[in-house]
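Below is one structure, written out as structure tokens, with a few remarks after it.
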Amino acid sequence: MNRHKPLDPAVTPWFAGVPTFLRCPHTRNLSNVDVAIVGIPFDGACTYRPGARFGPRDVRCQSALSKTYNQFLKVNLFDVLSVIDYGDLDLDPMNIENCYRTIEKEVAEIIEAGVFPLGVGGDHSISLPIIRALAKKHGPLSMVHFDAHTDTWDTFLENPYFHGSTFKRAMEEKILAGDSVFQIGLRGGLTSERDYDFALKQGVRMITVDELKQNGLQAVIDELGRLKGLKAYVSLDIDIVDPAFAPGTGFPEVGGLTSHEIIQLVSGLRELEIVGFDLVEVLPAHDTANITGLLAAHLIFEFLSVLAVHRQEQSSLAGGNMPCDC
Amino acid sequence: MNRHKPLDPAVTPWFAGVPTFLRCPHTRNLSNVDVAIVGIPFDGACTYRPGARFGPRDVRCQSALSKTYNQFLKVNLFDVLSVIDYGDLDLDPMNIENCYRTIEKEVAEIIEAGVFPLGVGGDHSISLPIIRALAKKHGPLSMVHFDAHTDTWDTFLENPYFHGSTFKRAMEEKILAGDSVFQIGLRGGLTSERDYDFALKQGVRMITVDELKQNGLQAVIDELGRLKGLKAYVSLDIDIVDPAFAPGTGFPEVGGLTSHEIIQLVSGLRELEIVGFDLVEVLPAHDTANITGLLAAHLIFEFLSVLAVHRQEQSSLAGGNMPCDC
Amino acid sequence: MNRHKPLDPAVTPWFAGVPTFLRCPHTRNLSNVDVAIVGIPFDGACTYRPGARFGPRDVRCQSALSKTYNQFLKVNLFDVLSVIDYGDLDLDPMNIENCYRTIEKEVAEIIEAGVFPLGVGGDHSISLPIIRALAKKHGPLSMVHFDAHTDTWDTFLENPYFHGSTFKRAMEEKILAGDSVFQIGLRGGLTSERDYDFALKQGVRMITVDELKQNGLQAVIDELGRLKGLKAYVSLDIDIVDPAFAPGTGFPEVGGLTSHEIIQLVSGLRELEIVGFDLVEVLPAHDTANITGLLAAHLIFEFLSVLAVHRQEQSSLAGGNMPCDC
Amino acid sequence: MNRHKPLDPAVTPWFAGVPTFLRCPHTRNLSNVDVAIVGIPFDGACTYRPGARFGPRDVRCQSALSKTYNQFLKVNLFDVLSVIDYGDLDLDPMNIENCYRTIEKEVAEIIEAGVFPLGVGGDHSISLPIIRALAKKHGPLSMVHFDAHTDTWDTFLENPYFHGSTFKRAMEEKILAGDSVFQIGLRGGLTSERDYDFALKQGVRMITVDELKQNGLQAVIDELGRLKGLKAYVSLDIDIVDPAFAPGTGFPEVGGLTSHEIIQLVSGLRELEIVGFDLVEVLPAHDTANITGLLAAHLIFEFLSVLAVHRQEQSSLAGGNMPCDC
Amino acid sequence: MNRHKPLDPAVTPWFAGVPTFLRCPHTRNLSNVDVAIVGIPFDGACTYRPGARFGPRDVRCQSALSKTYNQFLKVNLFDVLSVIDYGDLDLDPMNIENCYRTIEKEVAEIIEAGVFPLGVGGDHSISLPIIRALAKKHGPLSMVHFDAHTDTWDTFLENPYFHGSTFKRAMEEKILAGDSVFQIGLRGGLTSERDYDFALKQGVRMITVDELKQNGLQAVIDELGRLKGLKAYVSLDIDIVDPAFAPGTGFPEVGGLTSHEIIQLVSGLRELEIVGFDLVEVLPAHDTANITGLLAAHLIFEFLSVLAVHRQEQSSLAGGNMPCDC
Amino acid sequence: MNRHKPLDPAVTPWFAGVPTFLRCPHTRNLSNVDVAIVGIPFDGACTYRPGARFGPRDVRCQSALSKTYNQFLKVNLFDVLSVIDYGDLDLDPMNIENCYRTIEKEVAEIIEAGVFPLGVGGDHSISLPIIRALAKKHGPLSMVHFDAHTDTWDTFLENPYFHGSTFKRAMEEKILAGDSVFQIGLRGGLTSERDYDFALKQGVRMITVDELKQNGLQAVIDELGRLKGLKAYVSLDIDIVDPAFAPGTGFPEVGGLTSHEIIQLVSGLRELEIVGFDLVEVLPAHDTANITGLLAAHLIFEFLSVLAVHRQEQSSLAGGNMPCDC
């Protein structure tokens, strides 16, 4: 197999080259591909600072520093996974329903090709059509959702689809199984004491920053073990970390995690059967010194390492043939 | 009459106070008001960098340095005009047609109260509903349009309303009289040699930066004299000036005017019968050192001075009674 | 009672509106008011970076994201408290003694109206006249002081009043009871081994960052219990947090708290009888991505939640009638 | 012929897509190509601020706004020219002589394929190997050099090759014909009254900013007519414009041109037989609001328009067959 | 004579070394010195943005690029002038009257040593004590004042000394001869039509930006010839240029000069008998990409070149012995 | 002895004065000196973002806030140590081997004078010649190396000397004793699973961020006790802290330490026999709000406090005569 790999820094230094995700080749040809990183530059559903449409471009640029071997997970991810930059989807910022159709359709094609879809937002509204595409194949998904906010509000002004209602819609559509959903990193003011009612009724397990800091990361990772064997979606809103670590985001919430904590949480996912991933709400116009983009890029690297480890283990269990769950 | 005035800097220093436009009182009571400055924080129709929804807030903050006497036009504008900060309109960034209805309705109320509407955007799509409201009262308007772009494109993806089609729509709706429209400051690349065809057919007078630099500002001001006696709308896209002078904008176009040139052009409007004004496309997230906001605030001061001079002259012609055209 | 509340985000989105503290109404009418948030834009007493005069404006702008329900303290603060933006005091940056008279007089009026004064600085010198006004009513106060610095130095060059001597002056004036004063978050270099002598002699309890990190936040919160029953002042210098979390400040001190830690410390105050609060040393010109302003705004939200909880508890103890301590 | 064109904004909005120069396809296949835009990310020869190695990446990102039709030159450049993003050359920032070999070799291959080489730096040292490659084919070149500095100094410390000696070396190597060299935009302090002696002896025509402002741009453009019929190289150091227009550069020199002036100067080149072009010294780490990158991108658009016009004219003179000079 | 010179860039590159003004030696020894550049880090008298106390530090850093030979004035200034960095005066930001005493006393010592005082502010209030010191020796001075503002207001709140009253106080004290004062670059809003009355009554010649742009720089320079033979003070407020060219300033005024224009105006002073100079209102916290500091540093270089040319001419008139006017 | 001390803030406020390291006198006279802080502005060996050549200038500016008494280590460092700003070495960014010779030679002179060399970079390549100079006197050194990276890679492209190979070269040259080397703070992606092989074979003790967070700082400090009695070098790459705390660096690595953690680690060195120290990779062009420079300046203060405590203890052991180990 002709595996897709990043540019070799021993030939092309990190500062050189057309910016692609993790310096992987840009192609829409899905053969011999394990993971397609897809830019989804849509921010038409945000409620405060817009500009996440420039997230994919920035993550491409900042991922130039990306490496190949993960010293903590002990895996060279590109020995396991063939990864491409699929490019950006062509989306109309003024028409969310059209965008949803485009995203769902294109992600479905990726899935059909046996390729893992890794979306880079864009605002958090983009998770819904990805989950729709995945649920068509896998049925209702479990989810690990890293975020300061639950995104289970109902409407913004009169819009049913916005970056704060994504997971309410998904649970209403029964494409997410609420009782297999973890929301981690919650904090900040609410608009009412009933903001969480819907999610709680669905059985969502909500873990605030305060609980996380008090019980420690390992407790959360252990509890996530409950999802083993279920097809899981992972959605990572960069605002789970504190604005000191990720100033470039659309709805910043102080009092958040550190970068080290989110890296550890992501690396704690390696036993799950993950079928899709997104990283959203990177807003470069408010970033400083590119630290948000750098963190986002590294979290993609970390997630891909997790995926590689999981596939390696599956493969060795299966006697060397790598099964594909996606 | 109890005229509305800015806070007195001899009492409240420029750095103090709740930020309102030009430090004028914030009220929605339209009695004893000549000019209502209205924030229109809508940016859902932009095609590149979003964020102009934060324009009104920033112009409020930067207008703290605003003064009362214009040394070039020799007028103390607040001796002539009673000015308020009307506040922002409540707009849904995801629904332009609803926004258009809201803007048109609220501007119509302002006009009905005999008050001059001065809109602060927001992206350039907001001019359309203001012009609709004004044209209902005055019929098709003439216009002086300061901008790097003609904004007479047809659609963006499939959207008829976006910040680049505003004046095509207005001319199609016959609320702007194309042959009484000046577009000043044009430059930058086009998508095709036919981009200007529609406007030219309507009789629009298009003045590029190159023509402006070559013939001088006075030639343009003289030519604007042709609009005397017509009800005119003035729309000022901050991107008419170069990004060096206004980096904080949504669709920057290098090679533009200086701040001094746009101030002079605005002051050259004082013989026109202006019935409405907007200043749009201030995008604070991309501003540096607040220079875009400062320029925008000063252009509002300059425009109000022009309006004051015009009213003074009308008043003295009329024997001391100030007529109201709006 | 006609309680003052923030703008409703279901009507006016977070990015819209004249910027006031927590989107509360701007008025100087103190009837039916529980808390008056007062801007105190004075920075004439700082010793390194000036510019905190712009603190109130920035906190107004960044508090646009403020909500109503505190999920950790389980209170909708605006169900308990009627809150206004009192506006800024008119202060002369060149004359601290005049400013002190103005601040003391205006805060006294607020107190006399039975309203809780919440000051937003400005540099740390502004606490002194607030404490003077409060002590006139309540006698010497206890204090919880969050800060990297003790602010108990004697003079700056020859000035007795500056942002580093505030609490020495207050203890000398016997308006603070030194043995009921906690200073939390201390760190950084000193000018001599005797810098802390005065405060230690007064019985001040000084808790360094190192002690805090070693013993944990809960130990400090427990120890604060000693102040129960005493009238307490709370003064929060934003430089208690690390410059990574609050770069926009006048005398930055590395090695500080995280945003999460200060939020927890503030929420730990809920059993105290607090009669006044200030948040100082926000310096927007050195802020990046507005994170300092966002944190400051959230800390005011957190503090008001604490106040609301305390009043609720007092009220329920008293059989439903809410007593007013202020 | 299958001409290479930019992404169509009617399909892929300006904010979307993998960033390439002017949104043209990234390929190293030189068939059916007229112009290859080559990133040359080398800054190892600068003497003050380094970082121009990130110039190509930034110009790619900012050129996203690029259009196709030049309204002043009245040409759709992509109807005339097939343009690609050739990618970046692999260069070692620590070894200028190796870099020179690589650049010369790769540019020679481009030239041999009949393709016009357009280099994007990188610091100004990169012009030398491009000129070497071109001179091998064309003999000593004439040059239009836009810059604040002559770059005809001798050594920096002991290095013969640095960004300030490029054109002295080129004239010494007789690959530039000094008496056919124009240097335009000169200003700033010198290290001695003899700094210009070498260039003057070579017959270089040096035009300072003062002369330019006094005599006007047209006088310069007219004088450039003297180069007609000679093979010309054009080198554009972005520091020819004032730091207000291009803050992101390595050796800023106040008192420079405006963006409008440099655009006009570039468009004044359309009668010359230009065989190579570079744009250098864009340093994104010092840029603000991306205005330097935006200007650089537009200048490439402008230069390509000039090239297209020239080829069109040559072609029509030749009866419709487009000759190729490169 | 052992003349003080800048570090030699052929030995110490521009980016190296302890930052001093123009890389000249830092000493307080005034023997063999022609010009002492004195930092005056006082900003306690400003009315909007403070922070000019950091002006001297920034000008030191940005003047690292300074050269020795002025190609337009054709002089190597350090062949004529021995220049030192005298360091900063020790000033109390909270006590302007003490500062005035310190500045006057230290400048007097410099003058008494036969050394030319060149002050770097700080806000514009610092000019008064410099002029006091000079006038004690020379009697009432003429002045060329480059500024957006006349600084002839009366009081700020109740303070007689602030950065907007400097020259009113000086004319009241008869240390400036109003009818030999030029104020160049005036613009912006005023607080009343009487703002200029005092200055006009004193005979001040006020030249607005509009007059300057209309009549050209040469007309102004010619008119300045009227001051020949008078002892002149030159005060340059960096806000004379537009915020695009000098964003880092305390009271920005849009519509200003370009950097090239102010350089030309300064170079037009070379026939005057200048006895003192200051450059004020550089405020680094609001600067972007250091362009304000770079311009300020270059204007000091330009002014010193003017001084050198003048001394050369005086010297050659006098038969080779350089007279000293200061 | 006439000990060198910082400027006294009771005379010269923190914002005033020519910027030197910790406000200490700038001199090259080494008599009566204990510590020479040496600027080493070389960044010619970096592989991603250049610009650390401006590190020394920035550390000088930001160290203006430096104090004299360390409240945690209970020492007034300037009562123990006489400290100077030695200035910057004159280095050629294009010739690393020459630079190495210069650095080694000048550091050797400092050592020969019995003065402790404290280097401020510059990129991490500068440690090698310092260690060479020290090892000539002391033999192979032990080392505590704070860094995100091991810097034991072999080559960059074909260069043996670059900022990632420094300690491999040093161990190959046997000037570092690998089995007495601690590397603390390691994290981030690697290029292969063999990246650490060389160091591990040398016996280097590598402590990742994960180990550090898990076991706590004290465990590391305890383990460092193993180096007692050995001559130790300490090298601190500012990228050991997270980009949130030190955005201004050349090869940022997310997931790092906090500022408080690195301060504690440095203060944990006080029992070691340290003979040299460097702080490297401060890159001001990417810093925000100067927080990186402020942290770097404070870490130098902290390290000097450690050195002072150690010398005090040695001195009291020795009966009051302070021995000198360097």
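Labels for the chains are A, B, C, D, E and F, by order of writing; each one numbers its residues from 1.
In this section, a residue touches a chain if its C-beta (ideal position, glycine included) is under 8 Å from a C-beta of that chain, and two chains touch if they have at least 3 such contacts.
Because the structure is a prediction, the values reported are computed rather than measured.
Trainee: Expressed in steps between touching chains, what is the minimal separation of chain B and chain F?
Mentor: 2
Trainee: If we look at chain E and chain F, which chains touch each of them?
Mentor: C, D
Trainee: Chain E and chain B are one sequence twice: same or different residues at the contact, by the over-half rule?
Mentor: Both copies touch with mostly different residues.
Trainee: Select, from A-B and A-F, the pair of chains that is joined by more C-beta pairs in contact.
Mentor: So, comparing the two chain pairs, more contacts are at A-F.
Trainee: Counting only Cα atoms for the centres, state how far chain C is from chain F in Å.
Mentor: For chain C versus chain F, the centre distance works out to 38 Å.
Trainee: How many angstrom lie between the CA centroids of chain A and chain E, rounded to a whole number?
Mentor: Their C-alpha centroids are separated by 56 Å.
Trainee: What parts of chain C, by residue number, touch at least two of the other chains?
Mentor: If we look for residues of chain C contacting two or more partner chains, we find 13, 15, 47, 49, 53-54, 64, 92-93, 156-157, 242, 244, 258, 286, 288.
Trainee: What are all the chain pairs that meet the touch criterion?
Mentor: Here the touching pairs of chains are A-B, A-C, A-D, A-F, B-C, B-D, B-E, C-E, C-F, D-E, D-F, E-F.
Trainee: Give the list of chain E residues in touch with chain F in this complex.
Mentor: Against chain F, chain E makes touches at 11-13, 15-20, 26, 39, 41, 53-54, 56-57, 60-61, 64, 85, 87-93.
Trainee: Which residues of chain D touch chain B once you look at their complex with the stated criterion?
Mentor: Listed in rising order, the residues of chain D that touch chain B are 9-10, 13-15, 64-72, 74, 76, 242, 244-245, 258-260, 263-264, 288-291, 294-295, 298, 301.
Trainee: For a test of understanding, state which residues of chain B touch chain A in their complex under the given definition.
Mentor: For chain B paired with chain A, touching residues are 43-47, 49-51, 53-54, 92-96, 98, 156-159, 162, 285-286.
Trainee: Within their complex, state which residues of chain F touch chain A.
Mentor: 47-49, 156-157, 186-193, 195-196, 208-210, 213, 242-244, 247-248, 251-252, 254-256, 258, 286-288
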